[in-house]
Amino acid sequence: MTHLDVRDLACSYGSEKILKGVTLSAEKGEVVSLIGPSGSGKSTLLRALVGLTLPSAGEVRVAGKAVDYSSRKSVRELRSQLAIVFQQYNLFQNMTVMRNVTIAPITIKKRPKAEVEALAAELLARVGMEAKHDAYPEELSGGQQQRVAIARALALQPEILLLDEVTSALDPERVNEVLDTIRRLTDEGITMLLVSHEMSFVREVSTRVVMMDDGKVVETGTPSQIFDSPTHERTRDFVGMILKH
Amino acid sequence: MNYTFQFGEVMAELPYLLGGALVTLQIVFFTFFLGAVLGLMGALGKVYGPTPLRKAISAYVIFITNTPALVQIFVLYYALPDAGILLSSMAAVLIGLTLNSTAYLTEIIRAGVVSVRQAEMDAAIGLNMTRLQILRYVMLPHIAKTIFAPLSNFFIWLMLGSSIAALFGVEELTGRAINVSSVNLRTIETFSVVAVIYIGLTLIASMSLALLGRVAFRVKARVF
Amino acid sequence: MFERLLFEAPDFFTYYNVIFLLEAAARTLGMTLIGCTVGFIAGLLIAVLRQSVNPWTLPLRVIAIAYVETFRRIPFLVIIFIVLYAIQPLMENASLLTIATIAICLVSTAFLSEIVRAGLESVPKQQIEGARTLNFGAARTLWYVVLPQAWRVILPPAIAFAVMFIKDTSLASHIGVVELTFSGKMFVNRGFSPLLGFGAVLVLYFLLSYPLSRLGTYLEKRLDPSRRS
């Protein structure tokens, strides 16, 4: 069954239409990458999927079950299956690394503290942050904060992970440490929806690539279809421009 | 517990009460502008003056801002006659409130003065401006912009604070409310009407100040 | 004037007079403390309510805004008069101290709710979104994420407000609450020179207010979010 199924999703800020009917889907374990010029609505799509921005039309199904974004219960259930990592990490500034990772499983999911802390230690080790359990976010570099944010999302043991330009706020030398972390996750069968401008990375890890422009999906295909033989001019321009850099 | 509100007698005294509002406004404008002039001098003295002057100004500000205006005016009104200085109640109130606005405005303006960038001052000196010209053309516009919001808040605070004049028998808005209510014995009604007048006065003041700030200093202030 | 002061001083600073003054000072401090505590809790509730976007709370939010704007625009003295005459028929044996304290709480709630609101609004929106996507409810977001970050913005102006309030409680003397200012009036009525009576009161106010205002300026520098350690 399709794990994440988005049909004709529309979204507006005030009177301005940002998403004009987006359709895409991801099978279980797939890594679907969203590419497209900035302002095309990629972040808005991810925010709408987790219910931070209310969709005005369309349908979202997770494992076949439709999400009702106006129902608090439905949104809570959705968020227990789906985690998001933001471009700006959004770690809680008032909590240590360990607390950032453990707070939701302990206080929201009510899981035993010892068990969650063991899991968190394992996750932090996996993202290479085992030495920083007691540090506060402001004491960490951007790349380190982003890796903690990924560990925090994983601690919820989500079935679907949304990643929004998780490397674009980082210094170039920090990018690879975060990409390595994500690369390892792709082997573990988590369904991923990934927004990124790192084209070679997208090409390497994605099972499918979705090109967006102006609030719409322009083209969907395998990485080689999109990068080697795009059918739409808009995709060709965008890919060509990005790859030249 | 079966109190019925009657506003008729209060409304009959509305012109008298509004006259009191005029007196309130006079007190506020007088003490605010005198306090602003003295406060500007105090702020400049505190930033640029010699050490003894700076210490004296600090001591003054600390003393005034850490004691109640009411008790300060008690001293002016009741203790000064012992030294042969007899003040009318209005004079005691005006002096007392001016002492306070000078202290608070010294602090507010000082914060504005220290925010003037040295580079701008250097440029002004380089242009061979006199001290007065520097003050007028370089410092004041910058200071005005940074202190506008706290200054507006203080103006409202002074408007409300000026009601203590009533306790010395000055017939401003609150004073006249006391007079009216002691005749008609409709205290709640009288003071409710007066409260509405104060709300109106402060709202007009807030809006005018926000407008002034936007037009003259390009400061975005919110009324609410 | 000053000879008279020296001459009267021994009679003034007797054991009982000093105790009386200290008790009055304690009442001033007590009114301020209760006012600020109640005002802080109620102000927090109002500030949190005003952040809500739930359409069901709209009427409550309108009332809250009207309350805050009203009580910040009426002189404290006028509020004391209204509370005095409104409470007496309702609670026949309410003490003057109770009445003054109620008036204080009404005003401090309005002012402190604005201070708390500014603090809550200072927490970046991303922090709240982060909590929401982790399935935090409103109460948990407030408790675990917003308040721990907002308090350093709230505390300095809240203390500055308490300093203002110590002085404003002097108006309670007008309805006969035996706090510091009233005790000064009583000494003057008993024949002591006004400079001595009110001077002693001024000194006591200063002793209550100055340490607190120093604490406020210290915390303001210490907690400044732009230079946190």
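Going in written order, the chains are labelled A, B and C, and every chain counts its residues from 1.
Just so we're on the same page, a residue touches a chain if its C-beta (ideal position, glycine included) is under 8 Å from a C-beta of that chain, and two chains touch if they have at least 3 such contacts.
Not measured: the values here are computed from a predicted model.
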Identity of the most central chain, Cα criterion: C
Most widely separated chain from chain B, with each centre as the mean of CA atoms: A
Highest-count interface - the chain pair sharing the most C-beta contacts: B-C
Gap in Å, rounded to a whole number, between the CA centres of chain C and chain B: 20
Rounded Å distance between chain A and chain B, as computed from the means of their C-alpha atoms: 55
Centre-of-Cα separation between chain C and chain A, whole angstrom: 47
For the chain C and chain B complex, residues of the former touching the latter: 1, 4, 65, 69-70, 73-79, 81-82, 84-86, 89-90, 163, 166-168, 170-171, 173-174, 180-181, 184-185, 188, 193-195, 198-199, 201-202, 205-206, 209-210, 213
Contact set on chain B toward chain C in their complex: 1, 3, 62-63, 65-72, 74-75, 78-79, 82-83, 156, 160-164, 166-167, 174, 177-178, 181, 187-188, 191-192, 194-195, 198-199, 202-203, 224
Residue ranges of chain A in contact with chain C within the complex: 50-52, 76, 79-80, 83-84, 86, 88, 90-95, 103-104, 107-108, 138, 152, 156
Touching residues (chain side chain C, partner chain A) in the complex: 126-127, 129-136, 140, 144-145, 148-149, 228
